[in-house]
Structures are given as C-alpha cells and as structure tokens.
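Chains here go by letter, A, B, C and D, matching the order in which they are written, and residues are numbered from 1 within each.
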Amino acid sequence: MLNFLGLPIQASTHAGEIDQMISLVHWLMVVLFAGLGAFFLFVLVRFRKGANPKASYAGAKGKFAKATEIAVGIIEIVLLVFYAIPAWATRVRQFPAESQAVVVRVVGEQFSWNVHYPGPDGKFGRTDIALVSADNPLGLDRRDPDAKDDITTINQLNLPVDRPVLVHLSSKDVIHSFSLYEMRVKQDAIPGMQIPVWFIPNRIGAYEIACSQLCGLGHFRMRGFITVQSGADFQKWTDDQEKELKPAATTTAR
Amino acid sequence: MHSDPAEVKKSVRTYMMVGAALLVFTAITVIANQLHLAVPLAITVALIIAVTKGSMVAAVFMHLSAEKKWIYGALLLTVVFLIVLMFVPILTVNDGIGTPTRASAGAHAGH
Amino acid sequence: MEIPYIVETRPDTGLHNGKLGIWLFLASEVMLFGALFSTYIILRVGAPEWPHGELSVLLGAINTVILISSSVTMVMAWASLKMNDWGTHRLYLVATFALAALFLVNKYFEYSEHLGKGEGPWHSTFFAIYFTLTGLHGLHIVGGMVVMAYLLGPGAKMWKKNPDQFANRIEATGLYWHFVDLVWIFLFPVLYLL
Amino acid sequence: MDNVTTHESVAHSQAHDHAHHEELGFWRKYVFSVDHKVIGIQYAFTGLFFLLFGFTLMMIMRWQLAYPGRPIPLIGAWLGQDRAPMGIMLPEFYNQLGAMHGTIMVFLGVVPLAVGGFGNFVMPLQLGAPDMAFPKINMVSYWVYFLGGVTMLTSFFLKGGAAQSGWTSYPPLATLPIANGQTMWLIGMIFLITSSLLGSINFITTIVQLRAKGLSFMRLPFFVWAQFVTSFLLLLAFPPLEAAGVLQLMDRVAGTSFFMPSGLVVSGRPLTVAGNGNPLLWQHLFWFLAHPEVYVLVLPAMGIVSEIIANNTRKPLWGYKAMVYSVVFLGFMSFIVWAHHMFMTGMGTAMSAFFQTTTMIISIPSVIILTALLLSLWGASIRFTTPMLFALAFLPMFGIGGLTGLPLGLAPADIHLHDTYYVIGHFHYVVAPGTIFALFAGVYHWFPKATGKKMNETLGWIHFWGSFICINLVFMPMFIQGLGGMNRRMYDGGAQYAHNAGLLKWNLVIGFAAWGLGVFQIPFIINFFSSIKWGKAVDKNPWEATTLEWLAPSPPGHGNFLTEPIVYRNPYEYSVPGAAKDFSPQFEA
C-alpha cells in the first residue's frame, strides 16, 4: 500500500514517515483526479452535441464544487498541521547530541565529496583555505593537535548502523546538494555556510551519495558512496584509518 | 482639482514651503549624524526623517494627497509587496539552520 | 476610431492614460529599488563589519539639496504651465535640467575620488552596493535629463498644438523626477550616514 | 447608435483601410507597426519560432539521455568540436541546451505567445478598444523582446557557448569567471524584462481606460481578467529579477561579490574576490519573480481555455464571479510562496511552515477555477472542434500538473522529490500539455479572426491526438523516475547511479515519444501556413461567439471597429432562454 509509488528502499528511521506523507498526498491526488476525471468523461459523453443539442443556460446546480473545494482544503490542512510541519521540525530542530552521534563534516567541491571525521578525540582540526592542495582538499592543518587523528576520505562515507549521524555540510565552491535517496536525506551544500543534517541509518548495506544541484559540467558524475556497517565493523574501519594516519601525520606536519 | 489656474496659484505657496521644510529636514539629518548616536537609534532617526521627507514629496509634489482610487489601489498593492520583498528574504535567511563559515567572529553584532 | 482619454480624463476612473501609465511605471521602479534595498539589508546584516564614514557626508548633503531644489523647480515648471505662463515654465525647466547636471558633476567628483583610491565596486560589499545603487540612480537622472531636453527642444512644439497634452507630459515628467528625488532621499541616509 | 454593420460597409471600410495603410509603406505597416494586431502577430510568430527552437534543443538532449555517449544522428556532425566532437555531446553542451531550453521556452516562447501574442491581438478587441493605450510603447516592447531573443541566440555562437547554469542561474556557479554565455544571458534577460515591464504597463492601462461603453469589470471576458492579473504579476515581480540581473552582471563584469561568500576555493585555488556575498540572496530575488512567472505562464492559458469552453459548450461559464475572485486571489498569493523552491537550502521551521502553508493555500483557487470549468460542461451541448479538443485536454493535464505540485509543497515530501524528474514532470504537465495545449487551442480559435480563414479540422484532429498521446508518454514516466530518485539535469540520464538502474529504460520511451511529438507538429505547421492561403474563408463571427472581438471584421482593419461598440450584457450569454439564436453577443442590444 505504501510502496505503490515505487520509492527506493527505506534505509533510515525517518524514511517511513516521509514515505507515509508522500503516499497520503498521492492518495488525495489519485482520488481527486479519478473522481473529477470520471465526472469529466461522463460529461463529455452525456453532453456532446449529438446527445444534447440544446444547452441549458442555468447549467449545473448544487453544492458539488463547494464540497470538493472544502474537502481539499481540509485534507491539506490536516497534512500540513499533523504531518508536514511536525516532520520538518524534527528534521531541522531536534538534532542529536554531538556526544551520542557520529559527527562528520562533508564538504562538496566540483565534483566530489570530501568527508572529514574528527577521530577519537571528537574534535575537528583547523582548516585553512591556504593549505588546500591536491592531496589535502580540505586544507586540514595537520599541525593542529585536534587534527592529528582526523580521518579524511573522498567520496566515501562509512557509518555505523542504528546510531544517529550528524553531518555538517558545506561547500568549497558552488552549491551542491547532498542527497541520500535510500535515507530520504537531501540538503543543499552552500558555500559560506555550514548546515547540519541528521538521520539514523537502520539498514546495513552500500548506498550512494548523489549530487542533486546542478554544479557544473561534472554534476552528473559527482557520486559518493556510503557504507552502513555494524558498530564493530565501523570501529574496525576507524581503527584501520587511524593506523594508516599515524606515520602520515608526522610527515605531513611542516 | 489642480487644473484650474487659481487653484494652482494657491498651491505654489505650499510647494515652496514643502521645499523649505525638506531642506530643513536634510539639515537635521546631517546634524543628527554628527551627534554619533548609537547605531540602532541613528538608524531609527534617519529612517523616520527619510520617511517623512519621502511622504512630503509624494503627497505634495506628486499630488498623492488627492489622487484617484485606481492609483491608490495600484500603489497599495505595490507597497504590500515591497514590504514582503524587503523583509521576508531577511527573515528567511535569519531563520536558516546553517551557520556562516567565517574566520572572523561576531557576524550578527555588525550593526 | 482614435484612442480615447489621451488628453481628457475617463469619467469613471478620473484618469487620463498617461497618468495611470506613469504611476504603474513608478510602481515597478519601487520594486526595482526595493529589491536593491533588500539586498542591502541582507548583505549588511550578514556582514562581519560594516564600514562607517567612507563617503563624504558633505558631498552627499550637497547633492540632496540639489535634488530637492530640482524637485521644487520641477513642480514650479508644471505649475507655471498650468497658469499659462510659458516663459516662467521654460525658465524653471531649464533650472531643473541644470540642477540635474550639477548633481551629476558632483557625483563624478565623488566617483573619481573613490576610484582613484582603488575603492571600486570590487573593493567590498559596501562599495559594491554603493556603486550599484547610486549608479542606477544616476542612470535615472540621465534618463530624466534626456526627457527634459526633449521637452525643452523638439517636444515643446506640442504646446502650440495641444497645450493640455503638453501639460500632461510635463506632469508625467515631474512625477518621474520627484520619484528620482524620493529615491535619493532614502539613499542618502542609508549609504552616507548609517 | 447604429450597431448593425452591413456587408457593404465592411467591404468599404476595408478598402478604405487598405488605401490608408498603403500610405504607411511596408516598413511602417509590417515591421515597425504600432497597430496592436500587427504587433500581436509579430509576437506570436516569434514566440512560435522560439517554441519550436526550444523544443528542438530538447529533442537533441533526449537523444543523449536515451543513448548516452552515442553520436547524435543527422545534425551531430554540424555541431562542432567544442559542442559535440565526432557528434558525441559534451557535458558542457548538455548544460547549455538545458539552460537555454528552460529560458527560451519560458521567456521567449510561452510568455511572448500567450501575453505578447494573444494578449496584444485579442485583448483590445475584446475590450472594444481601437488599439492599446500606448501604441508606440507597444512597438518598443516587441523590438526590445526581439533584441533579447537575438542576444540569447547569439550566445550559442560565442566562445564558451551559451549559459550553462540552468535557467535558474544559481551563483556562485553562474558567477564563476568561466562561461561567457552567462553574461549574454544576463544582458538578454535585462532586455526581456524591460520588454515585459513596458508591455504590462500598456496592458493594465488599456484594460482600465479603454473598455467600451457598458463594459464594466464584471462583464469582462475571463481572458481579459487573466491578462489583467498577469500584467500585475509582470509589473511587480519582474523588477526584482531585473535588479538581481544587474547585481549578477556586476559580479561577472565589475568584480563585485554580491552572491559570493568569502573563502571560495575553485579548482583547488582560492578565488580572489572581496567575498561576504550571499548566494541565497539570488535565489530569493530569482524566485520572487519566477514563482509569479509560472502563473504568468498559466493564467493566460486558463483565459484562453475559458473562452473556448464557453463558446463550444454553448452556455455561460459556471461560476464566472468565483473564477474572477479566484484568479485575483491567485495572483496576490503568488507573491508569497516563492521559497517553496528553496526548502533544501537549510530553512528553519517558522519560515518553512509559512511557505508550506501559503503554498497549500494557493492551490485552492486553482481547484476552484478548474472545478468551475469542469462544471461548465454540465448541461452543455459540446462541439468537439479542434480548439475545443485542445481546451478540454488542458483540464486533466493541468490537473495532473497542479496536483503533483502538492507533494512538492510539503517540505518533508520535497526532501525526496526536490530536483528529481518528479519536479520536471510536475511543471511540464502544467506548461506543456497544459499551457502549450491552451496556446494551440487559441491559435485554432482566433486564427479566423486574424486571417479571415479557418484552419483545417482534419489536420487539427491529427495534430491533437498525436500530440496528446506522445506528450503523455513523454511526461508520465518522469514521475516514475522521480519517485525512484532520478535526478534532473543529468548529462547521462543518471546512468552512473545504481539506484537508477531500473529507471533507465524509461529514457528510451521518453526519447521516442518526444521525437514522435516532434513529428506530430508537422501537420500543425503545414495547416498553419497552408490555411493562411487556402483555408476556408469565413465571416466575422464563424464560431457564433459572444465577445466583442467577433464584432470586428476578420481581419480587423486599422482602428478595429467600424462603429463604436457598446456592451449590453455579460460575456457568455449563450442559450439564453427565449432568445432567437443560441448566442446573444455582448454587442447586440
């Protein structure tokens, strides 16, 4: 019943809520369209010139139109007040506490997603645009103590299942849009701003990050990957990254 | 209303007086500015004076004090949308959940 | 059939076509400058700091006085026409034109001083908005001068043939000119003082 | 007043007009004409040309989407190295085509045809006016529009090609130094906006001032009401975009950074601009226009459809007054919904609640207008003429387009749907099988008035059914693709993404349907041109209609009416009980 629309699988806790809204509106639309459509076809046949040579000046009577309009109005109010506005509020107000969540920075650029984990200390290292280079796309200052354990990847986001994720989203150049279709997450990455997004992935698997905002000639291939893994696997991944980092961190410090 | 020469003659005095008043108000704005008021107060004072001056120009020079209802209607509509245009974008920007990424602090204490 | 209500007013609206036309035009101008003021608000609220005292209040105040005076001469040009005083009308219209030119001369000195110091529109958002707003306003002044030049020159012939229509044209020009003055009345405090 | 015009007097007057026009000479008569009818026809021709051109761009794009990376047949070889080397389209060129398709269709195709063409030609006639209030300004509007069109077209041939940041031209993408086309786009837009502003001043003044004797506001044909509201939208919503265009132009040529924040790093290098700008500022100014603009597209279409439905049902419109109030309310509301295009830019609860609510509210007047038109069919005696077929198809097609706007208007649902093909499907249903069909209906309906000839019904019938089937096959699958999560503006149709795998087959269906749609325009083009010469000659009121344009001769001469028209009744007095004929024109006592 819910998936008559062919929506992608649901891989986050709030996906069901969004899908429910989408299907509720579509039911409203289908019923309205079918009802009025049936009326329309009936009228076309019944009142064609051949069947009704003389038109009636007075035309339709009754409260049909008013009833339809009021019904549509009421349903829209219900959808707004009980579904849309509260659902939006949980998206943009009730962010998980940083201590309980996996916090990560994602920075879009033409045409890739730079991912930045704070590492075990939970603190993001300083970044500076003067340090941006081909192998340091984020401009991370590895001399900063907070930066020593920071993990950075390109186009690869690893997340543990069933834990809230808080993404701080921004962009280096133009507007991109961070969209995770299976998670029902989409948020523009706007240069000059850092915008938080959150969700709880609840399905282990591999997914994609799509860029939904036209960002130049490579927009169509600005694709990233998400791996949602068990808590243990995620820990292992983090540890591996840290191990790789240790020697690197000392050499890159200038 | 204004088409009759005698009427027009009478309004000439008004025009001169309004012209003088506008110059006086200009002087007041400049003087107020020299006082270096706190920024929010300065903005309020300057805008009040500007609105007063503007209304005088519109009402007297542009004869808006006695216009036809179609013109009032069109201008009323314009003013409504002008207010929307001036304030809704900034309200939306301020309601945003993002924070500016900028090295220097104190973004909103700017004025 | 001729187009009606070019000169005389339509009884139920009380307007002639040009009057409504010019006011609608001004309505669109209000939205044009409104968008720029809205831009100003957003940029200013979002700016880390906003410069003060970059512009010369004296020059700005002088230009305000010039424009206000030109508004008075403009309305007098119309009023003298209505009182059938052609000579005075011409005088006032020439005065308005001259004041407009003076405004631009003043503006020229202001611009060249800033540009000389490297404070072009690229310098900061403040100068960007300053040049854009005053530049657009300046273009409006130039536009008004072109119309006045026409009414002083070839357009003046109409006074003989159709004095009422000519008076309507002067009135429309006046409305436009007062509007340009009105915009400046807001620009002056917003850019020079605050 | 004598309202009965005999045949002789018509003939006489036309002969007289001819003599009069001959004096004007070719240039003044056909090129720099100040006659609203000539200007209307100029607009209509130019608009139709641009529609065809914009459609052609899209047919080329659909090839790339159906067969990513395969050389474009027929024309691929001509496109040149920097567009399609060896006939294979480059991503830059795809983006140019997309941006220009949107711009051309909206600003150079539909609006000029709907407002400039039909508005200019029909509206003064329906008012019983001799011309527009400001004929010279009317001429200037057309030529400024023409210049805008030329500017847009030449941008394809300049180095770097046309604008490629979407018709929305979001900065910083649009203000980055590359892509000269964007500068041309901005200049072109400034021309187009100026033209629309001049036009709207003219329209409003004409409607307020030049109504015939007895033609009160509540007796205006609905088409005039639609144009009236449309003109206000243009008048008050376009200037902010003009301002925004100037600002973006400053960003591109004067080095300002209105729309560019500090700290941009482009291609690994810090961008040297002053910074401190705000990219969202552009979006606000753009959508402040662009949302009202979508009603500029659809209101004239609704107007046309209402005229044709009243005429071909042979009965008055149901709920005329409610329709008028709705259209006025719609126009008003359209100024305060714009940020529903910006839900994903990080909007908080308060403002998103505001814009969601206004968006839901604005759907109600549309529902009222549509149900009124539907109910008008009850008790009718429907003539299925070609214009009527297109007008009837408008109803369900607009219905689909409008209804699919609702999920987009609910911010949480928009999370999934924003910038997917669902949005493309939504608005194409309103603009293509909706508005474009209404415009076709208008062409068939008023063609006899403009030329004195009727268009061929058989060709019209083929055109209708072919287009109707194809266009649904083009746009219906887009909803499936969008719900499945396929993004718009994808050079390869989204082939990279695993989650699109099952949706790609639709790109083939859409492609073939789009080319089929192209083929079914051929009967229209043939019909259009051949009917000018060989169409069946008709008298001044071939559809037995009631509004004032049918009082004037076909085609109307200079000054339009032979005698001053006087209005005696409401616009759609068909099948009045007790009347001798089944139509009682406004102009007959």
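Just so it is clear, a contact is a pair of C-beta atoms (placed from the backbone, for glycine too) under 8 Å apart; a residue touches a chain by one contact, two chains touch by 3 or more.
Quick caveat, the model's predicted, so the values are computed rather than measured.
A.B. asks: State which chains count as neighbours of subunit A and simultaneously of subunit C.
C.D. replies: Touches both subunit A and subunit C: B, D.
A.B. asks: Report which of B-D and B-C is connected by more C-beta pairs in contact.
C.D. replies: It is B-C, judged by the count of C-beta pairs in contact.
A.B. asks: What whole-Å value do you get for the distance between subunit C and subunit D if each is reduced to the mean of its CA atoms?
C.D. replies: Comparing mean C-alpha positions, subunit D is 34 Å from subunit C.
A.B. asks: Measure off the straight-line distance from the CA centroid of subunit B to the CA centroid of subunit C, and report it in whole Å.
C.D. replies: That pair's centroid distance is 15 Å.
A.B. asks: Just curious, how far off is subunit B from subunit A if you go by their C-alpha centres, in Å?
C.D. replies: Once rounded, the distance between the two centres reads 43 Å.
A.B. asks: Note the residues in subunit B that touch 2 or more other chains, in rising order.
C.D. replies: 70, 74, 77-78, 81, 85, 89, 93, 96-98, 100-102
A.B. asks: Counting only residues that touch at least 2 other chains, which ones in subunit C make the list?
C.D. replies: 13, 15, 20, 24, 27, 31, 34-35, 38, 42, 46-48
A.B. asks: At which residue positions does subunit D touch at least two other chains?
C.D. replies: In subunit D, 204, 208, 236-237, 240, 261-263, 277-278, 280-281, 284-285, 288, 345-349 touch at least two other chains.
A.B. asks: Taking all chains into account, which pairs touch?
C.D. replies: A-B, A-D, B-C, B-D, C-D
A.B. asks: Residues of subunit B touching subunit A in their complex?
C.D. replies: Its residues touching subunit A are 96-102.
A.B. asks: What does subunit C use to touch subunit D in their complex?
C.D. replies: 1-5, 10, 13, 15-17, 20-21, 24-25, 27-29, 31-36, 38-39, 42-43, 46-48, 120-125, 128-129, 131-132, 136
A.B. asks: For subunit D, which residues count as touching subunit C in their complex?
C.D. replies: Within the complex, subunit D touches subunit C at residues 129-131, 133-135, 197, 200-202, 204-205, 208-210, 235-240, 242-244, 246-247, 250, 254-258, 273-274, 276-278, 281, 284-285, 288, 559-561, 564.
A.B. asks: Spell out the residues on subunit A that touch subunit B in their complex, using ranges where they run on.
C.D. replies: 92, 170, 190, 192-196
A.B. asks: In the complex of these two chains, what residues of subunit D are touching subunit B?
C.D. replies: Subunit D reaches subunit B through residues 204, 208, 232, 236-237, 240, 261-263, 278, 280-281, 284-285, 288, 335-336, 339, 342, 345-351.
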